[in-house]
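Paired with chain B in one complex and with chain C in the other, chain A is shared by the two complexes that follow.
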Partner chain A sequence: MAVTYRLIETVTVGVGGAANVEFTSIPQTYTDLMLLYSGRSTRAATGDDMYIRFNGLSTNLSSRVLYGTGSGVASYSDASVAYVGYFDGDTSTASVFSNGSIYIANYTASVAKGISGDNVNENNATGATQQINAGLWNSTAAVNQINLYALNGNWKQYSSVSLYGIKSS
Partner chain B sequence: MATKLVVDCSTGVTTEVELTAEEIAQREADAAAWAVAEAEREAEATAKAEAKASAEAKLAALGLTADEITALVG
Partner chain C sequence: MPATYEPISTQTLGSDVATVTLSSIPSTYTDLVLVVGYGISTTGGENLYMQFNGDTGSNYSNTRLVAGGGGVGSYRDSGATVINVGAIYTTTDPLTHISHINNYANSTTYKTVLCRNSTTSNVAAHVGLWRSTAAITSITFSASGGNFGIGSTFTLYGIKAA
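== the complex of A and B ==
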């Protein structure tokens, strides 16, 4: 059976934290890419937003966000940022990390790149958030670099992000 | 000094790199833009909630029961 799902790299954030995680020289040999993460932000709040950029560019990105907090649901759109998740901030239950996934379809094709995100903001309290995201990078360039940012803080120590390559066959 | 983790997928080497002034400025601009958008979303949600409460109060003044109002507006 063909191997269709392969780990490319994993990174774990060290003691100083990191504003963003950047994967460079991404191999162009897969059909899709997937990021899996266990993350927490240093933001002094129960959560922080996460967004993605490709090839060092901040243009042609957009997203649609839908989330539920346990007591309500809401959604919003952003015409310039690809939000891909909402993860624990530093006032969430101590030592708890969110987990989530981000899928990037057809990353080498000369078409716009669809992005989907799915995550849960783990918190041993009444307010915990689950979020799904739909995003777009409206560019025909192949993705060779990914940046994953914490919006209002840094990725906290022990957060980890793994990049997988997915083959269609 | 803020840093980023750079993972070179061709070598497997991870490097901690200080952000450039440009990257720091971009990051601050991203957070500022989000704060503006978030404030707008919150104001919109508040206005919507206030309009709903006002409508419910008017319906109650017309004699509708709480169950009847819930049936109408959720």
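== the complex of A and C ==
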């Protein structure tokens, strides 16, 4: 029986952190991609925004975010950055790493690429945030590289991100 | 490696259509996952609807948390003939929709669907209920207007607990 949900690669951030988490040479043999992460930023704050880029490019990206903080709910959009999550920062509760997922459908098709994300950085304190995200890379190019960035910091040591490929047949 | 996440059926539209039905769903899985990738509408700004087993009665309800151009809101429908499971736009803002339908094949409980919808026009979390104890054997997508556009992809996966 065919395995249709397969791990492509896991990146674990080492000593000193990483400016971004990168997946290159992504095989073109799946239908969709799924990223699952446990992450934390080095930003000196309770949290940091996470954004995604494809194929080393920073253009044609946009997003909309819906989030709740435990005391309120709000949203925002961005016309140039594809935000895909909000994860713990360096002053968040020690040892807490946010969990989240990012789904990229039809990543090899010659159409605009939609991105769906959700995450939580529950930390037993104020500053916890729950998000769902919509992103867009308005490009017909196939996705062959993914980079995940922290907006105001780096990825902290012990963060890990796994890339899965999903086949629809 | 045992395959516990299996594609049941997939449709990539070769022409514009008003409805998409994924039928002959086997009862051999534990849960279902539905993915609409590059979901587009010929008109845009339409609600995305779901029905089960061809039931057109007023047996559906939903609650949704939505962020769009007008801000954030929560809405619901009761006694509806469809489940509102999202919103769908055009080619420059394709929908990524993921639904989970747990314990879909049991004949005792009503069926619940949990959805996440992502476009840059509208990001939302929906939950829907079908007040039927029947096992789900087909799922039909429709929209409040227009057609689903060419290239829209609808895929159903089955998940086995064991």
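FYI, the second predicted complex is superposed on the first by the 166 of 169 C-alpha atoms of A that agree within 3 Å, B and C clash if a C-alpha of one lies under 4 Å from a C-alpha of the other, contacts with A are read in each partner's own complex, and residues count from 1 in each chain.
Basically, a contact is a pair of C-beta atoms (placed from the backbone, for glycine too) under 8 Å apart; a residue touches a chain by one contact, two chains touch by 3 or more.
Computed from a prediction, not measured in an experiment: that's the story for all the values here.
**Student:** After the chain A overlay, clash or fit between chain B and chain C?
**Tutor:** Partners fit side by side after overlay.
**Student:** Is A:Ala18 touching anything from chain B or chain C once the two structures are fitted on A? First, second, both or neither.
**Tutor:** A:Ala18 contacts chain B only, not chain C.
**Student:** Counting only touches as set out at the top, which of chain B and chain C does A:Pro27 meet: first, second, both, neither?
**Tutor:** first
**Student:** Give one of first, second, both or neither to describe whether A:Ile8 is in contact with chain B, with chain C, with both, or with none.
**Tutor:** In the superposition, A:Ile8 contacts chain B only.
**Student:** So if I put the vertex at the Cα centre of chain A, how wide is the angle out to the Cα centres of chain B and chain C? Nearest 10 degrees is fine.
**Tutor:** With chain A as the vertex, the angle is 100 degrees.
**Student:** With both complexes superposed on chain A, which partner does A:Ala74 reach: first (chain B), second (chain C), both or neither?
**Tutor:** In the superposed model, A:Ala74 contacts both chain B and chain C.
**Student:** Is A:Met50 contacted by the first partner chain B, the second partner chain C, both or neither?
**Tutor:** After superposing on A, A:Met50 lies clear of both chain B and chain C.
**Student:** Determine, under the contact definition given at the top, whether A:Ala112 touches first (chain B), second (chain C), both, or neither.
**Tutor:** Touch status of A:Ala112: second partner only.
**Student:** Based on the superposed arrangement, let me know which partner A:Leu66 touches: chain B (first), chain C (second), both, or neither?
**Tutor:** second
**Student:** Given the touch rule stated above, what does A:Asn133 touch, chain B (first), chain C (second), both, or neither?
**Tutor:** second
**Student:** Answer with first, second, both or neither: which of chain B and chain C does A:Asn152 touch in the superposed model?
**Tutor:** After superposing on A, A:Asn152 lies in contact with chain B but is clear of chain C.
**Student:** In the superposition on the shared chain, how near does any CA atom of chain B get to one of chain C? Answer in angstrom.
**Tutor:** 12
**Student:** Indicate the residue numbers of chain A shared between its chain B interface and its chain C interface, in ascending order.
**Tutor:** Correct list for chain A: 74.
**Student:** Flag every residue of chain B that touches chain A in the complex, lowest number first.
**Tutor:** Checking each residue of chain B against chain A gives 2-12, 14, 16, 19, 23, 26-27, 30-31, 33-34, 37, 41, 45.
**Student:** Please give the residue numbers of chain A that touch chain C in the complex, ascending.
**Tutor:** The contact residues of chain A facing chain C are 1-5, 31-32, 62-66, 73-75, 77, 103-106, 109, 111-118, 132-136, 138, 166-169.
**Student:** Mind listing the chain C positions that touch chain A in their complex?
**Tutor:** 1-7, 10, 35-39, 65-69, 71-72, 91-98, 116-125, 151, 153, 155, 157
**Student:** Which residues of chain A touch chain B once you look at their complex with the stated criterion?
**Tutor:** For chain A paired with chain B, touching residues are 8-9, 11, 13-14, 16-27, 49, 51, 58, 74, 76, 78, 80-81, 147, 149, 151-152, 154-155, 163.
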